[in-house]
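First chain A sits with chain B, and in the next complex the same chain sits with chain C.
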Partner chain A sequence: MYILKRLGQAFVTFVAVITVTFGLIRAMPGGPADYIRARVMRNRGSEGVSMSEINSLTEAYTNFDPSTPVYVQYFDYVTNILQGNLGQSVSFAGQSVNSLIIKAAPWTIFLLTIAILLTFAVGIVLGAVMAYREGSRFDTGSTVLSMFVNSVPYYVAALLLVYVFSIQLSIFPQSGNYAVGLEPGLTPIFIADVFYHAALPVASLVLTGFGGVAITMRGNSIQEIGEDYIRVAHLRGVPGRRIAVRYVGRNALLPMYTNLMISVGFMFGGSVILEQIFAYPGLGNYLLQGIHARDYPLMMGIFIVITAAVLICILIADLTYGLIDPRVSAGEGKEAY
Partner chain B sequence: MAETNSTFDATDDRDSTSDGSAATRSELYKEWLDVAVLAPLRIAWNDWRTKTGSLIILFYVLMGTVGPYLVPAPTQGQGPQLAGPFQSMSYPLGTNKIGASLLSEIVYSTPPVLKMILAGAVFSTVVATIVGTVSGYKGGIIDSVLTTLSDIAMTIPGLPLIILLIAVFEPESPYLIGIFLVINSWAGLARSIRSQVLSIRDHSYVEVSRIMGASTPKIIVDDVLPNIMPYVLINFVNSARGVIFGSVALFYLGFLSGFSNNWGITLNEAFTNAAIYSLDGIYWLVFPMIAIVGLSFGLVLFAQGTEKLFNPRIRARHAEAVDDTAPYEE
Partner chain C sequence: MQRKRTKTVDDPIFEVRDTTVSFDMERGESKVLNEVNIDVDRGEVLGVVGESGSGKSMFASALLDAVVDPGVLTGDITFHPESGEAIDLLNLSQEQVKQVRWEEISMVFQGAMSSFNPTMSIGDHFRETLAVHDYDVEEGMERAEELLADLYLESEQVLDSYPHELSGGMSQRALIALSLVLEPEVLVMDEPTAALDLLMQRSIIRLIRQIADERDLTIVFITHDLPLVANLADRIAVLYAFEFVEVGPAYEVLTEAKHPYTRALLNSTPNLETPREQMRPIEGAAPDPVSVPNGCSYHPRCPLADATCERDDPPLESDTPEDGHVAACHYVEKVPETVPLTLQEVKVNE
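Moving on, here comes the complex of A and B:
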């Protein structure tokens, strides 16, 4: 029942996001039909373009026919996208948005998965150690460091890293996802090169992200350490390591699930500027190209795909949260007061 | 806040036994000033994080308000091209490729950023607090609807949405841009406030208010909100930080027109020219970075130290007008 509810909610969210993009396309000054008309006229001269031809072209590009009533347009648009058809790209001639996305998405997902896992691993371990050494010099130092890195925007770190390590010192590659001329495949050289190219983008996310996680983890752990059941466990003679991991650690981690969900969305959003800085051919990079070229189908398609990815991550987090914290599936939903 | 209100109640009780309303009213104001303004300031000053944070924020506020009167506007040829920092008083932080003083560029970037922060942080905090407390306290259908709404808003990736919105609507006012920048960040705050409220609503004193027949809005304002104030304030500061990050990112990407100076614009100019110069040119990149990081570091420090401000017991200890045995301490 719980699973069904979450799935339903995710579906509603997805349709809502599609609706938002539909509204945005229609709110665009001039709208896509004008834009496509201008493009076609530029290519063939003003004669020889009929209104119906423009309409059918617009339908091929954006999934709805501007001559029909709004609700029909909306229905066409939503059903087409739910069937997985995101339209044709205008600026990348002859390519469907789907094929562009299939090409770009793995890179973004690869980059972000590594970055998120590393950020949380480093942050959680550091935060837990800080909590256990509360008040020590190590704690004070790490807290200040965490607060400092937390206030550095990831793109500022990225710019600095690129400037120092790629442009000036030439230790790391400045841009791209793998070296030019390398044959993609599951060869050790290729994989090593991919990681080599991902090092700086991942580093800029992890270096600026772990601080926030560490501070939250520290706060949660300190609160848990002060609880009565921890003292009882000590008195009962439970080994310290077991208390640290199974009692304190687990309970301090629970509230961070929401943080994880939020930071997934945040990082996917952040990939736009990060990929621009590193010229990394992921979703964010194509999104920017789409916006600069006023390529509505491309930018809305990527926007929808990024949203879907975030949605899936959140869904996974939600479902597993029910497994590790049985209280969620039980109590919350009742009308209280 | 409930604590302050209960102080008023307490003094009212004492007033009824004493005579002369004019004197007691000024006493009342004095006490209010002491409890609500001076005590928090004293606590803030006692914690090095809030102290440093407030000083940093004050510095930026001064830079945004007084700064433009003290520093000349950046123009071409204020000094030689690409002069290093700390060489001349007319361009203390060096100059860029066209000879404009970096200090001027940085100072003149501040006012619009402060306006965006103000609008964005106020908007997102207010919306998040209302949505979070109502949905957490009420539960049931209202909770499901509000939670679904914030889930939708939270799921939409922020930066791409903001870029799309700005590309479509092309806002010019810094206040409007500030609100656009937090267009969906209230949702995350609302969710975390909601989970705080969920644990508060079952506390016994809230139950007492309910039994006494207090209305839901009154319970939310008097009993629930004071408890989540530290959370709200920290979230206010965090969304301020989000506005800085977002606005500089948009300026860096060149999506906001209509402003001639921003740290993001300076960063972009420095970075696009970076490959041409040696490591000596790094000051051009580093000074706007210091400006960005400095402000958000100040905000983070402030938020981390502020937690204490809202603890009524600590505040009572620092308020001189209230002795420790006053009924308000309970």
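Moving on, here comes the complex of A and C:
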């Protein structure tokens, strides 16, 4: 029952997002229909174009026909998107938005997955060690460092890393996802090169992200260490290592599971500037190109994909939280947002 | 089974000598247990009574050598197991501590709800405890189920539950079962009924009494609630300002208290029979552990206090040691007339 309810909520949210995108497209002055009309006229001159031809072109690109009433347009738009058809790209001639997204998304997902996993792994371990050495110089030093790196924006770190490691020292490549001329495939050289190119973008996300995780983990762990049941466990003879992992670690981690899933959404948003800096051909890069070229279908398509990704992550967080934390059994409805 | 009810301690399971717990604080050294001496008899239920901040919980922790950092525990606590040699509790190796704690001397805390890891099932707590002490888990779980059943719990259902799924009374009983699963000789209970309502308190007390009788347990029961232990304890020890001020058989302490503090405590206990005008709180406040008054620590609040009390700390003794009832007061013989007990009849369920 709970699952159905949550799925229903997610669906409604998704449709609402589509509606807002639809409204935005129509509300924007010089919207896609005008843009397409202008392009067609520029290409062929004003004589050889009929209004109905422009309308059908607009429909192919944006999924709605401007000559029909608004509610029909809306219905067409929503059904098309729900069927997985995001329209045709204007700036990348002859390519559907779907194919562009399918091409770009794996790179973004690859980058973000590694970055998020590393951020949380480093942050959690550091935070736990800080908590166990609460008040020591290591703890104080790490807290200051974590606070500092956490307040550096990732794009500043990215620029700094590019400047130092690729421009000055030439250790890492400046841009791209793999070396030009390399044949894509599951060869060791290609995979190694992909990681080599991902190093700097990933580093700029991890270096600016782990501090926040560490501080949260430290706080949660210190609170756990002070709980009565930790003392009782010591008296019961439970070994310290087991208490650290099974009691303190696990209980401190559980509330951060939701943070992890939500951070996926934030990182998708962040990928726009990051991929621009590294000229990394991911979703963010295409989104920015779409904006520059006034490629509305592409923009909207990527917006919707990012929204869907965030929705799915939060949905997964909600549906699985009860499985990993017995205090929240499904049905009680602890929601991530 | 008939319990022996001797008045004096002739087979001590614990000998506590000059035991002090101190904390170094900025304001000075804080002694939260001040050179206490007491014996605990094998198989008895000793009630330790005191108001909050009198050192009760520290006494409980001391018996398990489990004083939390940065507290320092000094003195001698000797534990005499049923069989085998006497154990010096305060000089144990890591390995020995593991063999004594929970296996020989176990503890029940106040706030059972917070004594369980919220993300582990109750059954896992039992299994974990058995496993880390190298006990046979299967056999131990059978014992656990019996224990839970003896405490009127649905054992299977409780073992499968998570702590938050149990009520306060249920988790308190589950915690008692957990503390007994390794079959210890001594159970130290620190305010085990504090968070429960009156009816649940009574029923838990009855269960504790029953379990103590069935299993030859020695129980040190720590509470602030004097009438509560009246039904449970064989002997009562009264703590005031981090020292024992009176120790004696329960019935005598309740009906013929020798120390003015114990009497004041009895008089301040609310009950239905005493007219409201006669119920009195004890004037003043309990002393701060950093600045315990010189001499008798109770003298600032005592109606009998004079220059002697301000100067000399009275020893915990009696002219007639054979009745096992001792009090730390210079004027024991003057106490009954100065501090009369308002409630003459104390009901003790024999």
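Things to note:
Quick note on the criterion: the second predicted complex is superposed on the first by the 326 of 337 C-alpha atoms of A that agree within 3 Å, B and C clash if a C-alpha of one lies under 4 Å from a C-alpha of the other, contacts with A are read in each partner's own complex, and residues count from 1 in each chain.
Convention: a residue touches a chain if its C-beta (ideal position, glycine included) is under 8 Å from a C-beta of that chain, and two chains touch if they have at least 3 such contacts.
Since the model is a prediction, treat every value here as computed from it, not as a measurement.
With both complexes brought onto chain A, simultaneous placement of chain B and chain C is permitted, the two fitting side by side without a clash. Which of chain B and chain C touches more residues of chain A is settled by the count: it is B.
In the superposition on chain A, A:250 makes contact with chain C only, while chain B stays out of contact range. In the superposition on chain A, no contact is made by A:78 with either chain B or chain C.
By the touch criterion defined above, A:303 reaches chain B but does not reach chain C.
In the superposition on chain A, A:311 contacts chain B only, with no contact to chain C. Of the two partner chains, neither chain B nor chain C is touched by A:109. Of the two partner chains placed by the overlay, only chain C lies in contact with A:227; chain B stays clear of it.
Superposed on chain A, the gap between chain B and chain C at their nearest CA atoms measures out to 13 angstrom in whole units.
Across the two superposed structures, the residue set of chain A contacted by chain B and also by chain C is empty. Residue ranges of chain B in contact with chain A, taken from their complex: 137-141, 143-144, 148, 151-152, 154-161, 163-165, 167-169, 188, 191-192, 195, 198, 201, 210, 216, 241, 244-245, 248-249, 252-253, 267, 271, 274-275, 278-279, 282, 285-286, 289, 292-293, 296-297, 299-301, 304. Residues of chain A touching chain B in their complex: 9, 12-13, 16-17, 20, 24, 27-29, 147-148, 150-153, 155-156, 159-160, 162-164, 167-168, 215, 255, 258, 261-262, 265-266, 268-270, 272-273, 276, 284, 287-288, 291, 299, 302-303, 306-307, 310-311, 314, 332-337.
Chain contact summary for the complex, chain A toward chain C: residues 227-229, 231-239, 242, 246-247, 250-251, 254, 325-327.
Touching chain A in their complex are the following residues of chain C: 64, 66, 68, 98, 101-102, 107, 109, 111, 114-121, 125, 128-129, 132-133, 162, 164, 178.
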